[in-house]
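In the two complexes below, subunit A is the common chain; its partner is subunit B in one and subunit C in the other.
Our next item is the complex of A and B:
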């Protein structure tokens, strides 16, 4: 038995395919046109404040948050707003996008990032509310994939005391290496970011959870956190979905988040490593969240990279620099292969939560028929939430959702482990998502 | 002989006692049920669809007799059937105009393009969990048949990736209206066959780019209508069926064929004739 910590129930181990792990973070060129989605978070939609034909500066607000659970969107470059259009995002949903013509087309984005000045910041001088409002203003959202506004996660109600902060560096999805590279190259920045978050909760202990297939990241983070006693690094067993919030909490603290509960119910706050770096940038560079590291991989890509593009770069801009043959693309995934979404348009923009873009040709794609359940029980064995998946899908198919199965359906984290192991190729996650939709509609 | 008589007598005695008990009980606890309810249930079409808002035909009949009114009509019953029931009950039949379901889209394979391949569950709601649209037009019929599944009268089918509604079979039960995630199924009076087959509220240029037969909001129909029955709002024409007289002038004038006469002739754009 492995001595590494992990969660108890279920889990799978898909091929890791992290071919781009040794590629240092590079910076891309600025495209002819940026298409910046105004809604890149979960919560209330934003209000567009950018005006047509108006000049915008880097870091200027394009869309304003309209409430507590909402998030600002800023311009990544200097430029001119051309128009506001509706366009499908990588996730498939159609959203308003602000189209900007950048001033320095073709320039390397690194030059623009380097132009930001580094300020010496005394974190002790900030009050808790100031820290939260600064994170709110910078438009920081959870960069692990869900895009939940970070300042909301950092504001638990007073009756739920927080005694543990977890930094999620598990990166359990195949192919993605953007967080891995951040932990190697920006470990010091990350520790400074962690110190800011720690200040919010009166120096509570912090654990950085990293899957053990990244020993170099574990080493680099251990070195960077050495001066601080209450920041520790925890190597975790390689098992999908180790990076799932509830699974990570169970692995590290042994606490189980109750059904329908949030991490704050067991006194934990979880933040992704990329989010922590964004917090650091917001304080030390006064830089709002306008770019992120994206892994570009897949069997169609000649040169795999971990690259920073300004938010709003259309996918089609990537074809030439990375040697991707547009004609051969059969499948484009925004995010990893387990939880990512297939994209609809090759013009869709990169957003705050695009951790990876995977390009595949025909050889990687196989259309399969959905067959009847053979009652092997594999899906139940691998479900990290311990749900009777096969039964739930049958209940949903028959449209006969009872109160008890409703609770189970809403507990699903949609990690896709069940669909991955199903020998009958049943679309288990898809059915459960339909079930969630039915329950939501009934309300 | 006695061995066989004794059990016979005992059982017979028990039967006599319990039947007397049951007789008095049934007299004492008799519930008077209106015999008319049963007759009304017999007269109803018996689809048990619940479209009237009650739990079924029985509940509908009970309510009708109880209130002695037919204000809520059975949407499935024909005018004749409703008339029969009203004759029987001696009340006015409700204002029962037969409504049918009507698709506000003509985004067939020929008119608009599919933007993606889909290999998932054949259900419109399943599709909307992945993306908002599968055709170039974001408002278009997904053509995966959630309404076909839900229709109890076999009145719908998918053809050329849009829904075709059989007006003869459609009873106007409205079950399909809620089953559509794109909200493009609407009810209209059965006889009023002139329909705007588009739901695209984008401006003209964008709508035309997305679909050959989109309503571009050109206002020609509004100008040509003599009955003030058609109005353009948000680049989309809408017909007021209370005023429409089926003159079909709007159908002739529409430059993109976005107004069609359903269930009859298929119209060709004015300039192509």
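Our next item is the complex of A and C:
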């Protein structure tokens, strides 16, 4: 194995808590009702095409993309559209949701998935535009958390030549193990997916970045990529936020994405491992993105799992099969503890970016009061973007944002390392988020 | 509670490191124990008396301020205690109680609370108080008990004081090793360089202080006094003497590295450390006071906001293009 790489500035080592790492991917049952959010991406809102009381088939479009930076949403099951309602998602935003009554309530979702037919695919037969439009049609978005439409990320302008593709298998967030399991169990599919993406950029080198706390994943991916010379696996030091796009690029290539810039400015495109598997599914099974592996963990969960539920499954459907005591839930996180958001409804649906659902009781939460800053500088030391966090939050609190500090504030990747280490319990990243909102409103 | 079953809404991250302001303050206070033990060895019970009295005064005054003005102030967060102990370490062990009280009052009120309390002060509170006392009560503040003297009656000048008033001949017979151990007259906490270093190393391992300020501070003093000594050894004391006398080690490890009043950026810390050392040497060699550490640190405290502003750390993704 080659030397472990990592990013230069800052970073922290929160407890890993990856208790579900040894649980193979399983499949859940189909709930009595699916509530499918019509907007699960960053970009233009979709146009709902599903009609009330109409029957839908698995894979049928429910909401249509309305532009380039937009993304289709499909039905994961056969069923009947009941209504379209507004409902809070796990992230807290309110979205229109298509409510579907599935035809096969209670059936294991695996049977539905297994019914899809595997096709022979000759990648050479596709043009670059055909590949992109197929990914676009399948409604694939970045599954690492941001939900940015994948076909957009794969279409850099001609003046930005891409010479390196990076597959993000860092999974630096505590608790989450869904990407880990994919790398173990779907390594061959992943490599086929990578080959499709590689075709878009004329077989440029591909590096799969994996944190070294997953040696089995490093091994399985190394084996799966062995036949391909220009697909390599890079083991990375365990350090949060290794999976941050800019940090991962620095770790692997040593290039720094410029301030306000994008990965393509340094000739790199990054895709998450789950996204790559979704691309594979779209080509080999003609299967749009309607399900994903979600890690169910937290101190209230009896049976930790990495499980596939149809998109739109409400959280409440998980209580019985996973032994979660509904009465005790105080903290429900969509995503990991470092960047995940607290949900405020137990009926919120699982979506394309729900990498984990974490259930905690009272003991996991401690209300903390902000104390005065003692200028210890810890926040600045751990900031992976090298930002003067302490001063920035002071500026934001005084509502005195200058032009130069504006750039700093917008460069924040909101990893939360600063808040994590602050001895005075200051809500630093929250203040920076508030600063970002102030700046956006001024525009 | 009626909201027992409601979900908690909060923003990420949902988890914190267990470090706290209290823990930092009490750890720093604890790291002073070796130096205090050496002080006790040389000066006896008066050391304990002075430390306990100033601590009670500083914490008490802060508690009163919290009671009267702002109940958000936590007098027991350790910062007032640390100020008290550090102030005591900067004073002769035979200081009268009323002087300690005035010192505590100046430190907590003028040094800290008038600026807005913890984290807001520009100057190191303990040093503000020390300089205040030094200017107000010059005689009491320069009658240092001699080490080993069991009664407070035997007092004298510090080695630096002797150097200033009597010239280079007065210190010719002093053994550097003896000075490093702390066997000399001086403030109760500043005498033993080695014990202070021990505490400093502990803080460094705990990452509560960084190397930049102490290394630049002490290094600058060593190099500058070394240059003068080489130029004219008949007039100037050797650098080792300067290293182990006065408040240099205490100042460099504990006063200049005070989180609140030192710069945040790397370059800022380097300049801050250098400035402290530079002004210390200028005052020691050419000023009217024998010792310049306190003045130098206070001077540099004043420019900390400028250092932070004009020498920020390089941030991610900013490439210098010529």
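Keep this in mind: the second predicted complex is superposed on the first by the 440 of 443 C-alpha atoms of A that agree within 3 Å, B and C clash if a C-alpha of one lies under 4 Å from a C-alpha of the other, contacts with A are read in each partner's own complex, and residues count from 1 in each chain.
Here is the rule we use: a residue touches a chain if its C-beta (ideal position, glycine included) is under 8 Å from a C-beta of that chain, and two chains touch if they have at least 3 such contacts.
In this text the structure is predicted, and so the values were computed from the model without any measurement.
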item: Which of subunit B and subunit C A:137 touches, first, second, both or neither; value: neither
item: Touching partner for A:16 - first (subunit B), second (subunit C), both, neither; value: neither
item: Subunit B versus subunit C as contact partner of A:433, first or second or both or neither; value: both
item: First, second, both or neither for A:384, with subunit B first and subunit C second; value: second
item: First, second, both or neither for A:420, with subunit B first and subunit C second; value: second
item: Contacts of A:259 with subunit B and subunit C, given as first, second, both or neither; value: second
item: Subunit B versus subunit C as contact partner of A:344, first or second or both or neither; value: both
item: Which superposed partner A:88 touches (first subunit B, second subunit C, both, neither); value: first
item: Between subunit B and subunit C, more extensive residue contact with subunit A; value: C
item: Subunit B and subunit C footprints on subunit A, overlapping residues; value: 92, 341-342, 344-345, 368, 427, 430, 433
item: Residue ranges of subunit A touching subunit C (in the complex, touch as defined); value: 9, 12, 14, 92, 174, 246, 250, 256-261, 327, 329-333, 337-346, 364-366, 368, 371-378, 380, 384-388, 390-391, 408, 411, 414, 416-417, 419-425, 427, 429-430, 433
item: Subunit A to subunit B touching residues, read off their complex; value: 86, 88, 91-94, 341-342, 344-345, 367-368, 370, 427, 430-431, 433-434, 437-438
item: Subunit A-touching residues of subunit B, taken from the complex the two chains share; value: 115-116, 119-121, 123, 125-126, 128-133, 138, 202
item: Subunit A contact footprint on subunit C (complex, rising order); value: 5-17, 19-21, 23-24, 74, 77, 79, 117-120, 208, 259-260, 262, 264-265, 308, 312-319
